[in-house]
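Before anything else, here is the set of structures, which you'll find just below.
What follows is subunit A paired twice: with subunit B in the first complex and subunit C in the second.
This part shows the complex of A and B:
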């Protein structure tokens, strides 16, 4: 487990040699495969109560399921421990299998010095879609977590900028990549058009979005220049996250 | 009003050199009124319709004079919900969605997607297919970098390299067209192989292009590498250190310009990239100019790979002979009942992937392009996720431009080489 992979090692493909008789496509793997990936037994030893299970998929990709309330602690250890040192966060995403099953929050980790990849998953029940933000560990998680919030509705605690990212800020139809979200949206075409047309364009140029506590200067300019004062936004749901007409 | 004595400094640039040291004391100290206005930062909005944002990117900048105090990017104007659409299509029908994301390097996206699906299914493609895909990916790396080079030169104020680069790109368009029938939306790959074998003599066209592009690169290098305006606008601009770059998730040329030798082709090799002889260019300073140099050199290394790949292109079938993914031959389909049923089911129901998932990273033209596919045993993906390199690279832009000048925002944005189709997906 502690064997050190050198810089000129054979890379990911060569490191993880699976036994020939193993059915590589089957997701269930006995504990004997732990030896193929040094971080897996180390995680099992270090976090015995948070380590839930270990799978191998796609031939050589190791997946570790952990308790959702411990993800930050585990990721911090994986990032900072010298034997593992997963310094590159490739991706943060989620998977919804539908049918009321829990959402999987997926972290794709990569260690540039050790040339080793690991996938960490946490299963979040639909009633409790919250996880700790890992932006303090990796700046890269900032937009990726915003996208997971936007598309799946998973809240990230302590996220510095928890806004939607791809969908409009006033989008009221919910989170599009959830399985219960219809392909063309929740509202009718007419309603979608009506909402799009009733939004005041200037709203989007109000710079209060630059951060909490900032002076919305453009609005003041409008007042000074004698332009009509911006009225309240018509017909826009002030709480975009509550799924609209679900 | 209070009054204050101000000593003027006048900067003067010697006519031909590029010495920006100011010469001092040309005017006597003046006694001037000082306005006791409250200092106020200015907000300006760039985009979403602005040529220098390279797409529908909107940047809200807060300026103190000409210095950027904060920057808030807004994206999503081109959101097409490709990942959701993919869940309603079978595994092969997703391929046309992939090239619409990065229309500057469509073949890389075609290849990356099917490689992830093949890995999940345990399908090993033929040797010829591997080499053809390597040619396709390296061709499109140059294709994408050439567009970046042309627009970069325009942003810096030079128009000629743009024309030179687009002349070369036209040759790649022709190669795309003769292979796939389309210039941009190639959709050339299928699970288990390609849509067809390459046409007769196509590899010679690739070799001609590779020879020609080297000459053009030399010409553009002559125009840009020592151009004083180019150096002045890019050196020391948008600097990011190696640790910060890794932390921000930068990948591809942007990461390597900061001195981190992480290239997916070398570190997590696929398709025998370890057997090709090529170098990974590494920058030193992590500024815009190093990102330019790294991309420039990458094109030459891709030309080397292209030559080697064309040399080793083996004969043999392009598609794998695996009944799970390959259609039976037309003769069999018309004469054999079992083959006909098989053909019908593959066409009507699509390829079926076993339960499983795979994350497959390739070195795209913009950075680490990862395709994450999840299957529940059906013929449609449960989840198809793209790890978008431009998206993560762009998320570092507030850090890169804050504290710099407004004019440098354009150069930093150009140096990141983004494509909005893939950022918004």
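This part shows the complex of A and C:
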């Protein structure tokens, strides 16, 4: 392949003075980063001790790190204050960067009247993976927080239905999306197969489970159907003591 | 004998044979082997129970559509009830959470029954050598035909079903009780013992060690401290 030079630009080997990476990614905002998003300075002013830091990723996505024990208070204010009014909870998820670093609990908010998005993060140390449930604020958080509990092992205080949602209810190998979780699980394939076939199928596929906003009716359904009780007792999750990477 | 005495050709002539389907004097019966008749009936009226969980199910639907037309081979009707089904087509990946469903559907199908494992994921777990995925449905149910592919083309699935037809052609009723024995205590159990399940999963990796490059893969199943009884 021959090297060709274009007339209006340097060639492949030409010296190009690339700008610094920070200069490329950071948006140029008059008055500083805070002014680009109205909720960020308001949060900084309202919660000076809980507001930890502020980042901008992807050009215009504003991320606010807050103290983990104040999330409910901050989210309630963000939802109910008329100037912000984040009435739509897009997502609740978490990120594990491994290496013993704290898990990041992520709330992705959207304000439909203001047409603004905001991402709130709380860094939870591996020793105390607990947060307040926001189901009283947004009903949508119910299944999302169940998923975060299932996949990352973050407990939500005052959650109305704190069960696993994706993995089987008596799953005892831990929380699969944690970085210290081995890819193929902790048990042997034979043990996994045996445990899978010992689960009660009806637990997951009763119509009452599939309807939104229903109370969990598993116990009542078992009584009505005369089905035997589950023989497999749910184990305590073997959450590893070392929070480090695998 | 027909009730219609007006039709003279159905009446037996003087001292002759009754009229058969091939005309006057042809026989009204034939001799054959019972195995042949039973197998002929079975293999030409296989009703599939579709257990489609992933993209393989799209190809299975294409097999039943007009271009490939699975009905030509007797798979006239996809039986969405296992009670009326003859052949289970497991098309797609099966997570462990779905394993008891697959096993129960297999247990609900009446004998005689056959099963097709369609695609790489159903046959071996495919690329999904992970914590949540069954490493081949033959650890859950017995499998007659494995159809390779990711996903297999409809021709491949039809060829797999024709192999089942060939398998039925060789069956005999004399061995029915032995081949089709289904102890009730086996319902809902794995299709193999623990060592066999491990051996089936072993070529694709060891479940407790992170990767093959770690050098910790054992050639035989190991007693692991993490294994415990619920």
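In this text, the second predicted complex is superposed on the first by the 166 of 246 C-alpha atoms of A that agree within 3 Å, B and C clash if a C-alpha of one lies under 4 Å from a C-alpha of the other, contacts with A are read in each partner's own complex, and residues count from 1 in each chain.
The definition used in the following text is that a residue touches a chain if its C-beta (ideal position, glycine included) is under 8 Å from a C-beta of that chain, and two chains touch if they have at least 3 such contacts.
This is a predicted model, so every value here is computed, not measured.
By the touch criterion defined above, A:167 reaches both subunit B and subunit C. Greater residue coverage of subunit A by touch, when subunit B is weighed against subunit C, goes to B.
Residue contacts after overlaying the shared chain place A:120 against neither subunit B nor subunit C.
By the touch criterion defined above, A:190 reaches subunit C but does not reach subunit B. Residue contacts after overlaying the shared chain place A:40 against neither subunit B nor subunit C. Looking at the shared chain after the overlay, A:61 reaches subunit B, while subunit C stays out of its contact range. Contact with subunit B, but none with subunit C, is seen for A:143 once the two complexes are overlaid on the shared chain. By the document's definition of touching, of the two partners only subunit C reaches A:198; subunit B does not.
Applying the stated contact rule after C-alpha superposition, one finds that A:88 touches subunit B and leaves subunit C untouched. By the touch criterion stated above, A:129 is placed in contact with neither subunit B nor subunit C. The interface of subunit A with subunit B overlaps its interface with subunit C at residues 166-168, 176, 181, 183, 205.
The part of subunit C that touches subunit A in the complex is made up of residues 96-97, 99-101, 103-104, 129-132, 134-135, 139-140, 188-190, 194-195, 197-198, 200-201, 205-211, 221-222, 224, 226-228, 230. Of all residues in subunit B, only 40-41, 43, 45, 60, 62, 70, 72, 75-76, 79, 81, 83-85, 88, 119-122, 244, 246-249, 251, 260, 262, 267-269, 274, 354-361, 368, 370, 372, 374, 376, 382-383, 385, 387, 391-392, 394-396, 399, 424-425 touch subunit A in the complex they form. Interface residues of subunit A facing subunit B in the complex, by the touch rule stated above, are 11-13, 24-25, 27, 57-59, 61, 63, 87-91, 93, 95-98, 106, 108, 112, 115, 117, 119, 138-144, 147, 151, 165-168, 176-177, 181, 183, 205, 207, 209-211, 217-218.
Per the touch definition, subunit A reaches subunit C in the complex via residues 166-168, 170, 172-173, 176, 181-201, 204-205, 232-233, 235, 238, 246.
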